[in-house]
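Each of the two complexes below includes subunit A, the first together with subunit B, the second together with subunit C.
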Partner chain A sequence: MASLSIQNVKKSYGSVEVLKGIDLDLENGEFLVLLGPSGCGKSTLLNMIAGLDTITDGEILIDQTVVNDVHPKDRDIAMVFQSYALYPNMSVARNIGFGLEMRKVTKEERERRVDEAARMLQIDHLSDRKPAQLSGGQRQRVAMGRALVRDPEIFLFDEPLSNLDAKLRVEMRTEIKKLHQRLGTTMVYVTHDQIEAMTLASRIAILKEGEVQQFASPQEVYEKPANMYVAGFVGSPPMNFVPAAVVSENGKLGVSIERTANGSRGSVFLALPEDRQDISEWVGRDVILGIRPETLTHCSDSEMSLNNRLQAFDCQVEVLEPTGADTLTYIELGGREVIARVNPYNTTEPGETMAFMVDMGKASLFDPKTELRI
Partner chain B sequence: MTDITALPGGKSPWQSAARFGLYTLLLIFAAYYILPLIVVLSTSMKDLDEIRNGTLLSLPAEINFDAWGYAWNEACIGVSCTGLKPYFWNSVAMTIPAVTISTLLGALTGFSLTKFKFKGANLIFAMILFGCFIPFQVVLLPMAQSLGFLGVANTVPGLVLVHIVYGLPFTVLFFRNYYVNIPDDLIKAATIDGAGFFMIFWRIMLPLSPPIIVVTVIWQFTQIWNDFLFGASFTTGGGQPVTVALNNLVNTTTGVKQYNVDMAAALITAAPTLAVYVLAGRYFVRGLTAGSVKG
Partner chain C sequence: MTQKSIPAKQPLLDWLRRNVAKLVVAPTFALMIFFVYGFIAWTGYISLTKSKMLPSYSFEGFYQYIRLWKMTPWNVAMENLLIFGGLFILVSIVLGCLLAIALDQRVRAEGVLRTIYLYPMAISFIITGTAWKWILNPGLGIQNTVRSWGWESFSFDWLINSEMAVYTLVIAAVWQSSGFVMALFLAALRGVDSEIIKAAYLDGASLSRIYLVIILPTLRPVFLSCFFILTHLAVKSFDLVVALTGGGPGYSTILPANFMYEMTFRRNQIGLGAASAIMMLATVMAIVIPYLYSELREKKHD
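Now for the complex of A and B:
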């Protein structure tokens, strides 16, 4: 186990700046997920932590020691690659034990540890096979075994699940989570899949164009996204963005939204809860209201009476998409398409108007110019 | 893959006729290519009387290897009548080290050009590649000077050096293009596992290389064994390779022209390259197309 500290790390290839000053601090035993679209620099950052790529500027510290100039083999890290990178000419056991062999571990010790790792990953019956004779999931396990057997300070994962089919991906995701809980080792995990990030991470760093957009726990990232990019990237279906204006009505601050109901266009006022009344300087200005689909649903009087953060309005339904558990109901608010998650038994026909309620306590407000959270 | 001839409705009379025509044509071409070899082989087994009185295409009355023995042990190469034997061993002593060393160096260079990329690696590769297009004749004089300067002129080691230098562009090209398709992640994984340059080369890259090694060895072996120009230019007398000796044997005009000996000598000279093709030919085709199709 080790702490990891990334301080103002930059990377440029010629005049192209790939990473523009990354700062991340990781405690012992944390699970950091680097999340972002392809080309955001997350794999580059991982390679730099591993020592496979040079650092243009800044420092990377493992356990308070600067490792900028330490060779990958001396950093006490292990890495699992997207392509698994198994040595095709070696058996499973040789693959797992290669790192130990290079470190001059005795044969008995090596066999014992390889066996232990293989058993932990339930691949001990495959020891004599070559990688070509394994399925995708088994290869993935061997790749993890190779990392595991070394008992490193930090595990690095580079999109390890993206080559697996959907079912196996979910299974292996759980395996990795179990592994982390069992070993308690610090892990850094790169992915573009926000569900993997949410399920695995103790903290997520969302990257875009070489900059950290937000570095926080999954729940905080989900509930309090730092900007519209993060809000749109995390969550499925993504957060709805509604153009709105901040207004004051009956002594309460809230947002005013355009919508169509019963065939006529008009605006509706949604009051902000008590703890969000501190935005008086925004009165009369345009904002973007961010609403998660699950906080927008059909109006229920009983729930409304229990929770005063809920605000009701009516709106014309455009399209229905049943998913089984919920029906995704498309409506139009402020000229934008908005998705609401509605119980399948409470929907109305498209074209008709129905009553919705939105949990304004879970809504986010963004500055339309800077796209930052207000 | 589906056998397209086995598809339903695929056997009309026209198609059978087309197939018959195709096979006939192929047989004619096969005969056209094999006939010279048959003539050479049968002539080498005839005695001189039979050659003089018979026709070119007639088969030998009896199998008779006298001419082979004579070509190997007694035939006159210029003024020394030692047969091809010493020259054959010269060629072996030249070809084996030259092939081994140029293949190994090509593998190492290809490895560093693809997996340990340094600034200007592509430029260096382009320059090495340029060596493939330099005609032999251009380098004769400078090479002769270099050999003299190094003190290995007119020796087998000198020829080995020449062939290594001249073979490198090709071996580097082969290995570089093969290694470029091996994923970089393998090298990264091995680096993290603690293997260095030579360890990765020895334990990871070489075990993956047999297809391209076979291609390179066949290519280099035929090139070097069959070379005449360098052998004729840089060696005289006892140091000559077998190709040069064959030429001298055939051109030595004292007494009667012994066609059967000439033919036997030609076959002896060609035997090693033929053997290499027969033994490794199928790997050759496989290696040349390796990496073109995934899986």
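Now for the complex of A and C:
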């Protein structure tokens, strides 16, 4: 186990700046997920932690020791690759034990540890097979076994599940989570899948164009996204963005939104809760209101009376998409399409007007110019 | 209603449409059967006769083969083929492989170097032979140049030394073919997943270890392809000998193909020439058939 610290790390290829000063600090035993679209520099950062890529500027520290110039094999890290990178001419057992072989571990010790790792991942019956004779999920397990057997300070995962089918991906995700809970080793995991990030991470770093957009726990990233990019990237279906104006009504600050109800166009006032009344400088200005689909649902009087942050309004329904548990209800707010999660038994027909309520305590406000959270 | 009438109306056109692929292939197929396999069979039959200047068709059994194997030039030719072929294949593969590995290290001038190494392949063996004849000629080439620099006792006269002349063939042939081998290996090396190399790095393997233990074993098909391409080049080598040594000194550097040509077209010994040609075919077959057999068997297992 080890702590990992990335300090103002930059990477450029010629004049192209891939990473523009990354700062991340990781405690012992944390699970960091680097999340971002392809080309955001997340894999480059991982390769730099592994020592497979040089660092243009800044420092990477493992256990308070600068490792910029330490050879990959001496950093005591193990990595699981996207393509699994198994050695095609070696048996499963030799694949797993190769790192130990190179480190001159005795044969008995090696066999014992390979056996242990193989049993842990339930691949002990495959030890004589060649990688070509394995299924995708089995190859994935061998790749993990190869990392596991070394008992490293830090595990690195480079999109390890992206080559698996959907069902297997969910299975292996749980497997990795269990592994982290059992070993308690520091792990860094790269993915572009926000669900993987949310389920696995103890902290998520969202990258875009070589910059960290937000570095926080999954819950905080979800509930308090630092900007519109993060808000749109995390969550499925994504957060709704509604153009709104900040207004003051009856001594309370809130937002005013355009919508159609009962065939007529008009605006509706949604008051902000007590703890969000500190934005008086925004009165009269345009903002973007971010609402998660599950905080926007059919109006229920009993819930309204219990929670004063809930605000009700009515709006015309455009399209219904039943998913079983919930029906995704498309409405139009402020000229944008907005999704609400509604109980299937409380929906109306498309074209009719329905009463909704929104939890303003869980809503986010963004500056339309800088796209930052207000 | 139209279901029936279409095939009934134009049966010829329909037949054509169904068999167009076979019709297109048929002429080449027929030509190949006649000119390649037909002539192999004819040569095989002639080798069993006492044909001299003109073919005769009276069957004489293995008379020509017994005669052939009693002739010193033929035995020299087969021995030369063994030395030349063996060294040529081995050195070309080793050198080509090393060049490919060197170029695979992201060398800056890779494009230029690759072209330089590959170009000899575009030259015919006649040109290669002539050029190397000049280079290796003691009075003109390397020996003369080194002596003119002041090293008077330097001697490099393999070309006119009947013991060593066969090795000059190896030098010229390797010069010509190793670039091609390099190109094959380089293409295969580029196909190796770079993540495997990264993984091996993290596992603590050195660069030489990565190539020897992990990458080269995966290139087995390339080794085999190179081996077979070079083998057939070696067996059918003819023009290189003609241009470089002319078979000499004496007949010390002749190869089976030169022997066959000499007997068939110069000395009016068609039967003997045919027998030597069949022996060459047998040499190639002895190598190719086990290969084809193992390849086809492997396919079935997959």
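Note that in this section the second predicted complex is superposed on the first by the 374 of 374 C-alpha atoms of A that agree within 3 Å, B and C clash if a C-alpha of one lies under 4 Å from a C-alpha of the other, contacts with A are read in each partner's own complex, and residues count from 1 in each chain.
Just so it is clear, a contact is a pair of C-beta atoms (placed from the backbone, for glycine too) under 8 Å apart; a residue touches a chain by one contact, two chains touch by 3 or more.
What you see is a predicted model, and the numbers here were worked out from it, not measured in a lab.
Following the overlay on subunit A, a clash is recorded for the pair subunit B and subunit C.
When the two structures are aligned on the shared chain, A:85 is found in touch with subunit B and with subunit C.
Of the two partner chains, both subunit B and subunit C are touched by A:73.
By the touch criterion stated above, A:50 is placed in contact with subunit B and with subunit C alike.
When the two complexes are laid over each other on chain A, subunit A has residues 47, 50, 52, 72-73, 77-79, 81-85, 87-89, 98-99, 102-103, 146 in contact with both subunit B and subunit C. On the subunit A side of its complex with subunit C, the touching residues are 47, 50, 52, 72-73, 77-79, 81-90, 98-99, 102-103, 146. Residues 193, 195-196, 198-205, 209, 213-214, 217-218 of subunit C are the ones touching subunit A in the complex. Of all residues in subunit A, only 47, 50-52, 72-73, 77-79, 81-85, 87-89, 98-99, 102-103, 146, 150 touch subunit B in the complex they form. Listed in rising order, the residues of subunit B touching subunit A in the complex are 183, 185-186, 188-195, 199, 203-204, 207-208.
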